[in-house]
Every structure is written in C-alpha cells, then in structure tokens.
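Right after this note come the structures.
Consider the two complexes below, in which chain A is the common component and chain B and chain C are the respective partners.
Right, the complex of A and B next:
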C-alpha cells in the first residue's frame, strides 16, 4: 500500500507538467538563493575573522587577567616562551605568537600622533600570520629582536613625514607606570587599506621593547593563537584553558577580544536571516498555491477514491507525499542549477571593487571586495532541512482539505 | 472598462488562489519596504554620526594640513573667515588640533587633542549632546576634558578621574598638565573613540602655546535644503588660499556607501521578487490553463488576442494593486513605528562601525519616498514580466482546439 501511494503521488505530480516544473524550479531557485546568501556570509565572515586575527590578537588570545578590559602595560605574562612551546604541540593550532601590544605616542622631528605598537619576534612571525608584514609595500621587516627597526603604516609615514631610514620616537608607559621613550629607524612601510590602522599601528622588535618597558626576557602582554579553522576557536579555547589552568591568565576568543567585529557580524547575520526566511516563506506560498489548486481540481477524483473505500487519512498522506516529492524534485533541480554557480563563485567570485572600492572596512577590518561563496557543511545541512520542512509544512493545509472531501457531494459536481 | 470588470470577476472566482498570491506579493513588498527604511535609517545615522558629530558639512584647512597635520599649519585669520561665513548664512566653528600622550595610573595612550570653541561648536555639531557619561566641556572649567569611549577603556579611567597630558608645544617646549575627565562620549567613529580628547579652546591655547590661528573651520549649512556642492563653492570663495572640502570629499567611503544604498536595495528587491515572480507565474498560468475552453469560446465570439492579453494583465494588475496597497500601508506604518521606537542593539552592536563611522546602538528606521517606491515599482515590473508567458499563451489560443479542450 505504501509503495502504491508513493507511486500514485509521483504520477499525480506529472499530470500537470508545467505547473510541477515551475513549482520545483521555484524550490530549486530558493536553494540557489539560500546557498548564495549563506555562502557569501560564511565566506566573508571567515575572511573578516581571519583578517582580524592576523591583526594582532589571533582567534584565541592568552592575556594577563584584566588586560582585555584595560590593556595597560603593567599587566604581563611571564614565561611566554614555554607557553608557546606547549601551544604549538596542540593539534588544530596553526601558530602561536608572542607579542607585546600597547598604546604609544609616535613622533618625528616636530610632529607627534597617537598610535599603537605591536612588538614582535621576526623569527616567529610570517606574512601569513601577520597582516602588517604581509602588507609591507616598501622596505622590509627589521631583522633581530633587539634592533632599532620599526615598520610603520603609510598614513603614519605621511603624517610624520617618514620614509625608510628615518628616525621615529615612540613614547609609552613602562611596567612601573613611568613614561619612557625610545628611538627607532623605519625599515619598512605597510599599507592595509584601512586608514585608521595605517595611521596608528607600528611594528617593533620585541626584545628592544622589553628593555624599554623593563620587562623580563620572556615577558609579553599576550600570546596570539591562530587556529586552523576559525569555527573551532571556541572549542580550542576550552582545551587551551584547561591546559593552562592558571588564574592569573585569561584565555579569550576573538568574539571577546575583537568585540566590534563580533557585533558587526551578528548584525549582518540577523539581516541575512530575515531575507532568507522571507524567501523561504515566498517559496512556501508557491508550493501551497500549487498543492491547493491541485487538490481543488481533484475534488471529484478524491470523492470517488473515498467512495471506493480509501480512508481520509490515506488521502491526507497522499497529498503530503506529493509535497515531499516536490521537495525532492526541487532539491534536485536546486543542486543541478546551484553547482555551476557555486563552482564559479567559489573559484572565481565577483569583484565589487569598482562599486564599493577597495578601502571599505567594517569595525576596522578591511572587507575584501572580491565576493566569493563558500558553504560550510552545517550550513548546507541547514538549507536542506529547511527546504524539506517548508515543503512539508506547506502541504499540510492542502492535505487536510483533501482528507475532508465529502464523497457524495463531490461526486455531484461536474 | 469591460475588461476590468471581467478581470475582477475572474480574480474573485478563485479567491483562495488570489488570496495566497496577493498575500505572498504583499508580504514580500511589506518586508522590502521595512528593510529599505531600516537600511536608510542605519545609513542616515551613520551620516549623522559623521556629519553632525564631527565633520560638519564643509571643512576648511590650510592647504596641506590634511596631508600632513602639523601644529604650525594654521588658518591665520580664522576670525575674518568665520565672519564672512556667518554673513553668508553658515554656521561655523574653529577648531584646534594637537597630538600627544595621555597617561592615567600606569597606562598611557596616544591622543588627538581637540580644542573646541564652545560658543560656536554647538551651532555646527551636536557632539555636546552625545555623551555616554558625565557632562560636556564648560568655559568656567578649563581643566575639565571629554574623551572618547575606547580611549577611556584603554586608560581604564572614568569621569572624575585625573589624566596627565604630555606633548610638544609650538615653541618646542614640553607641554604637560593634569586634567580631570568631565565626560565620556558615546561612539562617534574609530578615530574619536580611540584617540579623541576634547578641551576648551583657551585651555588648548595655553597648553600648546598657540595664541592665534586655527587648524580647522567646520561649517554647517544653516538652511539644510541648500545644495551641498553649491554651499561648498560659496565657502571656497569665502576662504581663498585654503582647502575647502565637503564631508563627501573628506569621507569618500561613507559617501560611497550612501550612494550605493539604493542600488543595493534594487538588487535585493529583484532577488527576493524573483521568488515572488514564480508564485505569480504559476498562479496566472493556472488561471489561464484551467480556462482554456472558456478563453477559446471568448475568442470564437470575436475577442481579439490583444484583448485576451489585456485581460490577463488586468487580472494581474488587480492582484498587484491589492498587494501594493497592503504592502505600502503595513510597511510604512511599521517603518513609522520604528522611526520613533528604535530597536535597541546596544547589547549586540556595541562599538561596531563601518567605513570608520560608528553604528548607532539604537537602530531607527527612516522612511523615505524611495524606500516605498522602489519595492512598489519593482513589484509591478516583476509581476508583469512573470505574466508575459501566460498572457501570450492566452492570446495565442486557437478557438477550435480550445473548445474541445477538457
């Protein structure tokens, strides 16, 4: 019996080919739209999170307690090198970098601006894990951890009238709260494209900064951890936290250390959801319409079926199965039309730099104008489930109508 | 006329289908109107944050000051330009900028010093009302300062706390003094939030040893309807020898995002409406195909193909009109509601910014004619495109075949 209902439902679908095609195509189109919206979001959030992570703080950050609230330089980690060794052995950790980050006043001969510094060990850092090194457009990173080198942003260079080899004075407060200054020579200039960043951040050699701040040889303000897959940041955080087990330190994820980025992503996600729910509802309305019409025009047929002994519930099931078939067919069409589009958008993408420019930033993180699609497994599963749920839900009312056909009266109709 | 009455009868004949189709269209239109006005609200708030809190409409600087913000690159005679601007019907205020290090407790941070002329600044910007905590600057309290919120966080300070400023004065001497934090600003934008330190003009002049001149004149149109470009031209002529730019030129990223808002909206509307188009296409196809016999008879009686096409379009028109009325009313009503009662995002969007301008924590809608017109016009266009195929089908029906159709 079951078998028969399924076949019957399938055949019913093809009694009106055009209508079925349009309905199934609308489901398929919904899949395409959903994949596009979700895929663009998945990809751009990942890019933004990863870009932000290499701007200093990583996906997960180990900091002295309270540093995230007020990042003052008297708070510091000791034994950062041993910490790094341990972290590098953890699976899932791409890299762990020891850094000192703080605020400073940057000055040249007769000008000064407010800025920030990131003291790094050049032997640890790489272009992949450090956006500023990756963005060097002139000169190079200083070599040696105790040199007098500095890498500055283009806007800083312009404002302070700096070029390669020129002198720069940075002033900050040391571990005791004393104001201290040091001279550095510009070895490189970077350009990230975000003027707020290019006009504030400088890179300094870590051991020189340690001595300026009166830090010990293995002291640092933070260990920045880059995770291979940003979505695992939260899980990795727990692992790192339990490994560390030190109340004087805090392990934070990017949502906590880069809260502005987290808020912009949350906002964007909400808008995205609204659009997707809307599209889903519209497609559901289409399915509802089709099924309702097909039930209405089969009133007589259903009447006969009931008269020959088919239970109302069987009719209900018949229509529900029809809607399931719609779902399967729609998904199939969806997959067929989505694959080439996805391939194009995944590997090639569309360049919007002509429209939004290449210096558009959100919460201080540059947005890549090359829009690509990348769908996470969870998102794909989510889309599949929602399409099925929607088709079945929109079949309920028509199915209920079908089960309620009064046999005698419907037979009287033409 | 007859066509319209036939069409309306046809529409009501299958009222359930009409209802589902119209509701789907109306609902899509409603969401799009709401979405458009919320987007507009967000962008207007950004523009307001940029213009009303900081930039003003137009700014005047010494010609190379923006490139290279030097304490010595000043507008020599701000008084004369200010007077001229005032006579031309502008609000204008002079500002002073300096840089240095602010220290509190054991932390320090680089800051941008902003010397404000209290008597005129409030005509130009509303920064004085944009406080998170505490109160705005007062002439009587030259040691009282107001700072940006991220700076307050970095320094770990609150209102009432002391803050030491260290910098270099114009004569090359060390400029330092102790100030008391009177107020902390709400989010304005990355730069002010991170480095902004406001003080009264006289305190600035004394600290940095700068008795005369100004680094910037911020100008606001007194008449908001005045064209920005035209206003910029007038201001340029009033400040010969200086660089005069409007906020669109000063913040091209924000201007670009605002300009793009409408085209982004159109793209979104088209994508969403494509789903609507399928609903409409299917519904109208059904109405045509279940009436093939009827349409064939009409044709046999002498109704022309054009009239049949017109009939299908009239039916669509009735449904889209109903949907548009529904969408327009509900969309603008709810948008109006959100204009007055913003959505509180402060727990969600604290400190978020785009293009360097802060996003307001209370998201209000802003209903513009465009945010209603774009969704409405495109609903008509897309529905009419979708119905093209059923309409042609109806027009091309062959009477003999159709009459035998079952």
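Right, the complex of A and C next:
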C-alpha cells in the first residue's frame, strides 16, 4: 500500500510537468540563495574572528582577573611559560602566545601620539598567528626578545615621520604605576588596512618590555590562544578553565574580549536570519500554491477515491507524500545548481576591493574584500533539513483540504 | 438466493435547499434490493436516481427515513466506518468512468484491493482474472488516456467487482459509450450477475439498460412511480 501511494504521488507530480519543474526549481533556487547567504556569512564570520584573533587576543585569552574590564599593566600573569606548555599539549589548541599589551605614548623627534604596544617573543610568533607580522610591508620583525627594535604601522610612521632605523620613544606606566620610557629603533613597518590599528599599534620585544615594566622573566599580561576551529572556542574555554583552576586568572573567549566584533556578527546574523526566513516564506508560498492548485484540480478525483473506499487520512498522506517528493526533487535540483556556484564562490569568490577602497575595516574589524562562500557541515545540514521540512509543512494545508473533500459534492464537479 | 435484502430503504428522504426553495430529491422512498438483483432505477432527469444511489452507497446521508446496507443503518455510521463499507462492500461504476489518470488499467482495477491491503500476489491473481473476465487482457499497462471509452468503463467495472462487493452501484454506466460498447458492457454486467451472482443497481434512462434489467424501479420527483419485476 505504502509503495503504491508513493508511486501514485510521484506520478501525480508529473501530471503538469512544467508546473512541477517551476516549483522544484524555486525550491532549488531557494537552496542556492540560502547556501549563498549562509556560506558568505560562515566564511566572513570565520575570517573576521580569525583575523581578530591574530590581532593580539586569540580565540581564547587567559588574563589576570579584572584585566578585561580595566586593563592596566599592574595586572599580570606569572609563570606564563609553563602555562603555554600546558596549553600546547591540549588537543584543539593550535598555538599559545605570551604577550604583554598596554597603552603607551609614542614619540619621535617631531611629534608624539597616543598608541598601544604588543610585546612579543619573535621566536614564538609567526605570520600565520600574528596579523602585524603578516602585514609588514617594509623592513622586518626585530630579532631577539631583548633587542631595541620596534615594528610600527604605516599611519604611525607617517604621523611621527618614522622610517626604518629611526628612533622611537615609548612611554608607559610600569608594574608599580611609575612612568617609564624606552627608546626603540624601527625595524619594520606594517599595513593591516585597519586605520585605527595602523595608526596606533606597535610591536616590541617582550623581554625588553618586561625589564621596562619591572616584570619578572615569565610575566605577561595575557596568553593568547589560537584554536584550530574557531567554532570550538566556547568548548575549549571550558576545558582550559577547568585545566587552569586558578581564581586569580580568567579565561575569556573572543566574544568577551572583542565584544564589538561579537555585536557586529550577532547583528549581521539576525539580518541574515530575516532574509533566510523571507526566502523560506517565498519557497513555502510557491509550494503551497502548487499543491493547493493541484488539490483543487483533483477534487473530483479525490471524491472518486473516497467513494471507492479510500480513507480521508490516506488521501491526506497521498498529498503529503507529493510534497515530500517535491522536497526531494527540489533539493536535488538545488544541489545540482548550487554545486558549480559553490565551487566558483569557494575557490575564486568575487572581489569587492574596488568598491570598498583602501580601508578594509568596520569598527576596527578587518574585512576581506574578496567575498567567498564557505559552508560548514552543520549549516549545509540545517539548510537541507529546513528547506525539506518547509516543503512538507507547506503540504499540510492542501493535504488537509484533500482529506476534507465530501465525495458527493466532489462527484458533481466537472 | 434472492431472499436476503442487501439494501433496504425505509421512507428515505433527501431534501436540500436551493436558494429559498426546498428541493425534495428523494421523498419517502422505500424498497429493497436483494442478493442477485439486476435492478434499474429509471426516470427523467431530476427524478432522484443518482441521489438514491448516493444514499445507498453512503456518499450522502438521508434527511429523513433510513437506509440499510446489509442490515446496517448507514445514517448511524461514522465517516471512516462508511469509508470502510464502501471499500469492502460496495462497487461503484460512474457515468464518466472516473479512473485515476496516473494509473494503468491493472492498477486502477486493483486500486480498491490495494486499499484493502490485499497482498501483492493475491491482488495480481484477482486483478488479472477480472481483467480477463472483462475482456481487457493485454491492456493491463495502458493508462486511461490510452484506452477507448468502452475500455475505460470495463476497467471501472473490473474495479467495482474485483473486491466481490455485496452490490455494484452503477450510475448511468452506458451514457458515455457508443451503442456497440453499451451492448457489450451490459452483456458483461449481465454475465457477471448471472454467473457470479453480482448484485447490480443501476440508475439509467437508457432503454437498452431497462430492456435488460430484471427489475425496474421508476422514480418521479423523488417518489416511486412503479416497481416492476420481470422474469
């Protein structure tokens, strides 16, 4: 019986081939749109989160308690090296970087500006995990942890009239709150594309900064942890927190350390969801219309079926199965038309740099002007499941209508 | 054999409203149809023939009086119960064939057996046998739009009798076929009645049907005009 009903439903689909194709293509097109919106979002969020992570704080950060709310250099972590070793043992952790970050006054012979510094150990850092090193366009990163080198942003260099080899004085407060200064020589200049960063941030050697700040040899303000898959940051946070078990330190994820980025993503996701719902409604309206029309056209036929003994529920099932077939067909077409589009957008993408200009940032977050699609497995499963569910839900009302057909009335229909 | 009443109408009435007017499609009708009957409801258009068939077939509920099928008061049964009775105990043949267009002759003929959940093998045996009996051998895989009107009506008859129902209700079964096909269809139904004991109740105003019917119930304005039994 079930097989017969399935066969009948499948054949019913092909009574009006053109209408079936149009409906199935509309489902397929919905899949394509959904994949595009979700894929662009998945890709851009990942890039934004990863880029933001390599700008200093990582996906997960270990800091002294209270540092995130009121950052000051008198708050510090001790034994950061041992902490790093432990973290590197954890599966899922790609890297753990010891850093000192703080505010400083930057001055050259001509001028002074407010800025920030990030003291790093060059032997730990790499272009992959540090955006500033990756973005060096002139010179290079200082060598050694106790050298007098500094890497500055293009805008800072311009403002202070700095070039490679020139002197820079940075002034900050040490662990005791005393004002301290040190001279550095510019070894490199970076350009990230984020104007706020290029005009404020400098990189300094960590041991030199430790001595300026009167820090111990393994002290730091934070350990920045890069997670292999940013989606696991929250889970990793819990694992790291339980591994740490130290109330004087706190473990934060990127949402907490970069609340502005988190807000942008949350807002964008909400907008994206609204668009997805609208796409869903359009698909649902199309299917509902097709199935309803097909049910109305067959009123007499349904009357006959009921007259010869088909139960109303079986009729309901017949129309629901038709919507299931629509869903399968639509998803199949969706997959077929989406694969080439996905391949193009995933490997090549569309470059919007001409439209964006030179500053590729929004609220201090670097945005890649090359728009690509990257769909996570769970997003793909969500799209396919929701489109399929929507198709079946759209079939419920027509199916209910079919089951309510009074045989004697429908037999009078022409 | 003809003692057992399959259908019994007791003062059955069906009224409905058309604008402000009350139309009495069937008005206090009483008669019985017995096993093995080959009976025809005759009368002009609007005399209530189809309404009587609808009442007997449980497609409609009487406004007054009672309709019994094999002793069960149809008016007291639920929709699903009536649906089961229609499936198992009644065969329908409609004027416009009313086959399911996406199904082949074989599938149409076996449709009700499928609804009954008869196993595929038994279903096949019964359908093939009935198709042979109705002269449709070799046409099993044709869809309705690939068959003539006469062939389609034969499939409809096959569908109606394949479940061995208590009664076959045929609403103007010869109205849409030419006279050669009408004769052939009537011959088929007559043979099924004679050889297999299938009970038929027709609604018709076709003289050829009336000529072959063993009993003629004449209706006029929803009332019985005459009930003539022929030998």
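In this text, the second predicted complex is superposed on the first by the 413 of 414 C-alpha atoms of A that agree within 3 Å, B and C clash if a C-alpha of one lies under 4 Å from a C-alpha of the other, contacts with A are read in each partner's own complex, and residues count from 1 in each chain.
The criterion applied here is as follows: contacts are C-beta pairs under 8 Å (C-beta built on N, C-alpha and C of every residue); 3 or more make two chains touch, one makes a residue touch a chain.
Note that this is a predicted model, so its numbers are computed, not measured.
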Partners on chain A (chain B, chain C) - clash or fit: fit
First, second, both or neither for A:11, with chain B first and chain C second: second
Touching partner for A:73 - first (chain B), second (chain C), both, neither: first
Partner chain(s) touched by A:158 [first = chain B, second = chain C, both, neither]: first
Partner chain(s) touched by A:139 [first = chain B, second = chain C, both, neither]: neither
First, second, both or neither for A:369, with chain B first and chain C second: neither
Which of chain B and chain C A:349 touches, first, second, both or neither: neither
Larger contact residue set on chain A - chain B or chain C: B
Which of chain B and chain C A:307 touches, first, second, both or neither: second
CA minimum distance (chain B, chain C), superposed complexes, angstrom: 11
Chain A positions touched by chain B in one structure and by chain C in the second: none
Interfacial residue positions of chain A with respect to chain B in the complex: 16, 18-19, 22-23, 25-26, 29-30, 33, 69-74, 103-107, 110-116, 158-159, 161, 171-173, 175-177, 179, 194-196, 200, 259-260, 263-264, 266-267, 270-271, 274-275, 278-279, 281-283, 285-286, 288-290, 292-293, 296-297, 355-357, 359-364
Chain A partner contacts - residues on chain B that touch it in the complex: 16-17, 20-21, 23-24, 27-28, 31, 35, 67-72, 99-101, 103, 105-112, 153-156, 166-168, 172, 190-191, 194-195, 252-253, 256-257, 260, 263, 268, 271-272, 274-276, 278-279, 281-283, 285-286, 289-290, 345, 348-356, 359
Residues of chain C that touch chain A when the two form their complex: 54, 57, 59-60, 79-80, 83-84, 86-88, 90, 92, 94, 98, 100-103, 107, 111-112, 114-117, 159
Chain A residues touching chain C - in the complex, by the definition given at the top: 1, 4, 8, 11-12, 14-15, 300-301, 304-312, 314, 407-408, 411
